[in-house]
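Think of it as A, B, C, D, E, F, G and H in the order they're written, each chain with its own count starting at 1.
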Amino acid sequence: MTRRLMEGSEAMAEAAIAAGCRFFAGYPMTPFTELLENFAAKLPTAGGTCINAESELEAVGMAWGACATGARAATGSTGQGLSLMQESLSEITRAELPLVVFNMARGQSDYYQATRGGGHGDYRHLVLAPIDVNEAIHHVQLAFHLADHWRNPVLIYGDYLLGHTAEAVDVVREGFDPLPEKDWAVDGSRGGGGDPRNLNPIGMVPGIKGIDPDSFWKRLQAKHDAMEAAEKRFDQEHLEDAELLVVAFGSMARFARHVVRELRAEGVRVGYFRPITLWPFPSEALAQAAAGVRKVAVLEQNAGQMIDDVRLSVLGAAPVAPIGGISSDSAGFGVGPLLDIETIRGRVENALDGSGARA
Amino acid sequence: MTRRLMEGSEAMAEAAIAAGCRFFAGYPMTPFTELLENFAAKLPTAGGTCINAESELEAVGMAWGACATGARAATGSTGQGLSLMQESLSEITRAELPLVVFNMARGQSDYYQATRGGGHGDYRHLVLAPIDVNEAIHHVQLAFHLADHWRNPVLIYGDYLLGHTAEAVDVVREGFDPLPEKDWAVDGSRGGGGDPRNLNPIGMVPGIKGIDPDSFWKRLQAKHDAMEAAEKRFDQEHLEDAELLVVAFGSMARFARHVVRELRAEGVRVGYFRPITLWPFPSEALAQAAAGVRKVAVLEQNAGQMIDDVRLSVLGAAPVAPIGGISSDSAGFGVGPLLDIETIRGRVENALDGSGARA
Amino acid sequence: MIESRGTVVIAAERCKGCELCIPACPPKVLRMSGERNAIGAEVPELLAGCTGCGACLLVCPDFCFEIYRFETPQTHPGAGAAS
Amino acid sequence: MIESRGTVVIAAERCKGCELCIPACPPKVLRMSGERNAIGAEVPELLAGCTGCGACLLVCPDFCFEIYRFETPQTHPGAGAAS
Amino acid sequence: MEREILLTGIGGQGVQLAAQVLARAATDEGRHVMTLGTYGGTMRGGNTDSSIVIGDAPISTPPIVSRAWAGLGMHPRYWPDLAAKLRPDGIAAVNGELFEAPVEAAAALRVETGALASEAKAPLAGSLVLAGAFAAATRLVRLASLIAAMEDALPSYRRQHAEGNARALRAGWDSVAEPLCEAWPDEGAS
Amino acid sequence: MEREILLTGIGGQGVQLAAQVLARAATDEGRHVMTLGTYGGTMRGGNTDSSIVIGDAPISTPPIVSRAWAGLGMHPRYWPDLAAKLRPDGIAAVNGELFEAPVEAAAALRVETGALASEAKAPLAGSLVLAGAFAAATRLVRLASLIAAMEDALPSYRRQHAEGNARALRAGWDSVAEPLCEAWPDEGAS
Amino acid sequence: MSDIIRTDRPPEAAARKTGEFMPTLQLSTDHDLCPGCGEPLALRTVLESIVDLGMSQQCVGVIGIGCYTALTSIMDVDLIQALHGRAPSVATGSKRMRPETLIFTLQGDGDMANEGLQEVIHTAARGESVTCILLNNGVFGETGGHMTATTVIGQRTKNSLDGRDAAYHGHPIDMIGLLAPLGGTAYAARGSVHDAAGVAKTRRMVRRAFEAQLRGDGFSIVEILTMCPTGWFIPTEEGPDYLDTVMGEIHVTGEWKRDGQLLQQAADPPEAD
Amino acid sequence: MSDIIRTDRPPEAAARKTGEFMPTLQLSTDHDLCPGCGEPLALRTVLESIVDLGMSQQCVGVIGIGCYTALTSIMDVDLIQALHGRAPSVATGSKRMRPETLIFTLQGDGDMANEGLQEVIHTAARGESVTCILLNNGVFGETGGHMTATTVIGQRTKNSLDGRDAAYHGHPIDMIGLLAPLGGTAYAARGSVHDAAGVAKTRRMVRRAFEAQLRGDGFSIVEILTMCPTGWFIPTEEGPDYLDTVMGEIHVTGEWKRDGQLLQQAADPPEAD
């Protein structure tokens, strides 16, 4: 174990490279900038390429071209830059390309964008929301694996805290199940043989005019359903006899977990549930975790987005109340006054009132 | 009454002009192209401007600049082009500008994008989904009114059928409640007086360094809540004793309504509910409409998007089942085999089985 | 007497009748025939005097021409080229 | 004897010590003073010989200069301009 | 009452114009009308279809018609798709010169569109002949309305065709001796 | 056990370097460490803060620390914000040359950072003096670890400062006679 | 009529086939582009150049969105279908990961000069070793023939039926004029398929652009002027002449930059190659 | 030290004030830009030109995203805050609805030459009567000093600490060289604020650009080279010289296009104006 103190941005770049990522393209934007800088610093020595793209639209295009050749590739931005990438991300998903996308968000207001896809049409990314740098190291490697496994983009939802917090960590290359060969990747080799590859987002098949939307969509839908069934991940604590369940993801979950642990130490019957995958959302697990509680409190740093998924999981079995909210610093980077243990403890305690959780 | 046979695209452009729209910018894309063409043909004679913008990103920027001066302005595309506009649409909303946006979608797969906002951050557009050309004429005028009233973008969710179907209609200018003066609009006049205007999406105030995110967000949140409370619209039919409730919006609702009417004529106890505003979603009304039913069937032409809002409304009170699905033609314009009364009737009848609705 | 140094095969069934080949032919030995194919397009026909230069092939958007050069030029009795 | 045809007021409290004004001054009568203001920036000072040309004003990013021209040039005893 | 009419033909036969003329004529007569044209691609020889719904109240049928009261066929290639949607009690009016097989419908009308159009010195206006004959057979709209609607529907650079087109509509109308299947039986003859 | 340490100062005082050195030294000693730096803007004279959490198990505290065991102050301007977070039983180590008012904490250490740094011929390394003194007063990390961590933290183009910095760390360490408040009371002295 | 030669089958007299219906890298001749469209001619120049250079099995095409997209179904080349406007960036990513591969884009003027203008400029400035092929017909063919950013003054389009008017519609962009001077551009040329000689010249340009790429010289671009009788609302047979006289006058054909050197005047590529 | 003149208050001897601390269209002098930054100097040229033309109450600024965005808090002008890269389109929409208003954009090189390159080119080609002001420091100042599309070969930035290398980083784009030739461009000039004469010349350029707009001549652009010692990682006092010698050599200053005519050689604007 050779732990080194690394900011999240550095650790994530190292984890990506450990996972075999050989291409990155991005355009600076706080708090994503440092991730880009770390890729730029580290990829060339790993035999890879990092392009400081001229814009987010160009960055996602470059990453598209790179992963289409079979290379492990990634791009990213903050949610705002990802807004610009949505057309591409939607189509890359339909083209079934394994891209890893980082959203180093300014807070948690991009939950909808991350989980519903901000672009046109029906598509979903697998979304991993690490709680800390250590988990991020794992998630980044998992992301590349899952992207290849499903031939689907995987999004990592980070934020300012994840990118800028340094922790003493060890980036170890993880092993995963073997993957099939990337015989779909374009390398030029299938030209001239009558059976070329055509990586496209609308179901075109070489040699055949027009498209057959039905079989194309059926295949995508089946994959979507399989991903949804297979990839739900979550974490939970202190569910035994909990009267109040606090649900949070990503950085906010670290605050929530801390407060729940403190309260439990004081004998308060409060539980903690964290979706690790935001899509697919671990609905069944949450429904079970919420089974006995009198109330579910959703702590998210936005106007109320994940709460939809929480309600869709709990489906009326217990009241679901928001205890977070939009919270920003004056620079707009999403490090607002809500990110404070005392404040959160206060809100949880408020939610406790009447939930019967006080011991 | 001087009815004229007009395609939806033409009628919507005329309605916009009747409502005082004086600026439009867009970039061609099926099935939005004809709307753009109609604005291009009709706006100049109405003293307005239509720019055939060089791209969607530029179109939305132009519309932004136009509406910032107080002019009634609109832009649009299909959902795919709107993907490119999401960064701007998100920020225009926070800048509190009254823009009307048309999504002439390829089917109904842009429901999430329309109702959650595909861009970064917390923002919502008012979303109107007309069922036919006549209602579209009303919605377009309402959209300009609501945009000014709330200083918020309003999105019209149309599709190929709405744009290309001709109906015998009459475009009459509608009256609405009086609106406050647009003293916020930039016309240059407040320069040099120590108190200029600064139309920005982050809460900057002239003369003050930095931003105060809290008061800014509180104001936006309050407006959001007020919009949500005030603007829910819906349509319903045949709820009396209904055992099955069919929920659909936009063009699909026209199919659903037809099938429900046919079935009712045959004595089948089936009801119909249509959200007219997709955001805010008429949850309470739907909950009430669904109160006595044994089952709710959601007919939407996508992989299942509005069904979230239906479930969030019904909250477990009755099972909610999808009876739609992705359905496209070979050109990808969203005019697929699902758009057929027999097919839909079959699906509704399937859903009826066991719901006890057969007379 | 007209001499043809080459000739063409015309895949008339896929001709769309655009007439681009007509002016492209340097010796002007292609002309529209008045005949229509199954998709309703008027197709070209060849008169004597083809040189086998391949100009028609280069300008036909529907890939209707295959070009041959005769080992020995062929001769034909009448006047070939359209005016 | 040095003549000053003009002079400047320096809003030293907002100077950020960038030194852009120093070389900008044609007669070279500005130099860094060694003094620091409340935000810790070293601020410039004026020697005799200012012409009131306003060059410093044009190059100061922090709007620290106000320029005056004397009705009658003022004279000062010693050597003014920095070397 | 809603009357659904489907038209089919191939590119260049004037199907969309005929649909426009019927729909506008009905609109001018104060009816509620809805119509939607669909094209089978840009290629020559592709199909070109249209649907019209005419009613005496706002149209509630969706724009994609799945059961129709009437079908007009200019070309038999895509007719089977249309025929499958025709109600058993519906009426079919077809281009007698291209339709070889007999058409199955409660009321069937075969029109020699080309011959009549040529006679009317408007050889390209076969679809209008068919529309005229269909209107006469159903009294869906009046001949005068058809002619006015046709004039209205022509773009300015095609105005020179107005007279020929009018002759074609009339030739079609006149070719039908008496109504086969009244569109508005309750209203009496127009 | 988790030890939360907050540092505050103004731009240019070397607060981030001091935080880095403390955090890296603890990492090298095998502890779990988390640290986050925050800056109050680009302007000169803006505040520059840092938080460090050191523990013997993976850190579970969130990165924004709201209650701290220790506070290090290089400049009093933003100290009150920090002081509000200091636990009643915490330790404060401050720059004695700039802090005029007494500091309220269970254990308080005033260090003449400038004088000691100058004496050590490293006049700009006042923050390292403070870090050294703090480490000595708490035995949070060993002096040798501090020096190694400092060398590690310097970018290549600043290597020439390594020796002066080492002297500054040592000067701070040596200025404290004996521990005031042991960081790891259960482990015995290091 | 006299002397009509049979053309429905190969000649009986001894003859050598000197021209195949379609390039060897084509899967079929069946495509849905309009009669008289110039885009299939441009495709020929690209496919034949790939074969000439022996790169059939080391070539990736990145395709934009326009009428030419329909041609992908007949191309026997590994392809990536990009979005409207975005092909140059996609090509960049692919090239970086597969530097030994010949990478080209196929884009229309709507695609390259409107939606994706910035992509191609940045790609050129970066000196990316990819070849962009611009099919310029001055209209968005696919959506019905609207004006684009390259439509020349006076040109008919769906929204300029009386010809583009600078005062009302703005000025056209000369894409080669814009791209050739950029530091990263190694080769820039404009051809036209309005006649057989134009097709042959264009093919030489495409080949030279590909050669520049394979040498690693940097960015290369060939703009190909193509007829769009549908978008211009003219009879098919008038297309070539309209192209040559109306568009060709402004968008001057020839090589503009060779081996990284701007030419004083656009010149034909040498025949010799 | 001898002869230090008091500068903490106005002189006692009779004197005429000939220069105010700040332009009249400024609300305050207090801004957060770095010491030695050139952007406030450029702001001065813009604000003073508006006053010169009597347009203070008929002027709308459309602001991009970069360090200069912070200057909006001190501008006494009606403003629209646009997104990074998108100001020219926003300005277009405003101008069309308020043709009598003076509309300008304020954008950095990251904003205009990277994120929004296509917007400004299309706006120029369209001949839109707006004025774009480009503050070019060759870096993204705001995000920490990374290279942009205009960074000249050899320039230090956060990601080219040893200077930009064409082979590795690609070539810079000469924005005025790109925009001046476009048909819709009426006026194009490049100034520099590396010294007082440069500031004065730049101000004349801005004024002439505004005049072109008010005459309805079409698009006008003034690029202003500005120092960014922070992004260049150099001491503030070296900024002006670095700007002049490193950036100014490639990005040649002067007027490039006047009254719609390209000049053979960039020339200073006449003093007389």
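By definition in this document, a contact is a pair of C-beta atoms (placed from the backbone, for glycine too) under 8 Å apart; a residue touches a chain by one contact, two chains touch by 3 or more.
Note that this is a predicted model, so its numbers are computed, not measured.
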Chains in simultaneous contact with subunit C and subunit F: none
Pair sharing more residue contacts (C-beta pairs) when B-G is set against A-G: A-G
Distance between the centres, which are taken as Cα means, of subunit F and subunit A, whole angstrom: 35
Interchain centroid distance [CA atoms averaged], subunit C/subunit H, Å: 62
Rounded Å distance, subunit D centre to subunit H centre (Cα mean): 26
Euclidean distance of C-alpha centroids - subunit B vs subunit C, Å: 57
Multi-partner residues of subunit C (at least 2 other chains): 16, 41
Residues of subunit A touching at least two other chains: 54-55, 87, 202, 210, 331
Shared-contact residues (touching 2 or more other chains) in subunit F: 41, 43-44
Subunit D to subunit H touching residues, read off their complex: 2, 4, 6-12, 14, 16-20, 22-24, 33, 41, 45-48, 50, 52-72, 74, 76-80
Complex contact set, residues of subunit B against subunit H: 22-23, 25, 49, 51, 53-55, 57-71, 73, 87-88, 91, 95, 186-194, 196-202, 204-210
Parts of subunit B lying in touch with subunit G, wherever the complex brings them together: 27-30, 33, 37, 40, 52, 54-56
Residue ranges of subunit H in contact with subunit B within the complex: 24-25, 27-28, 30-32, 50-51, 55-60, 62, 70, 72-83, 86-98, 101-102, 118-119, 122
Subunit B contact footprint on subunit E (complex, rising order): 20, 23-24, 26-27, 30-38, 41, 58-64, 66-67
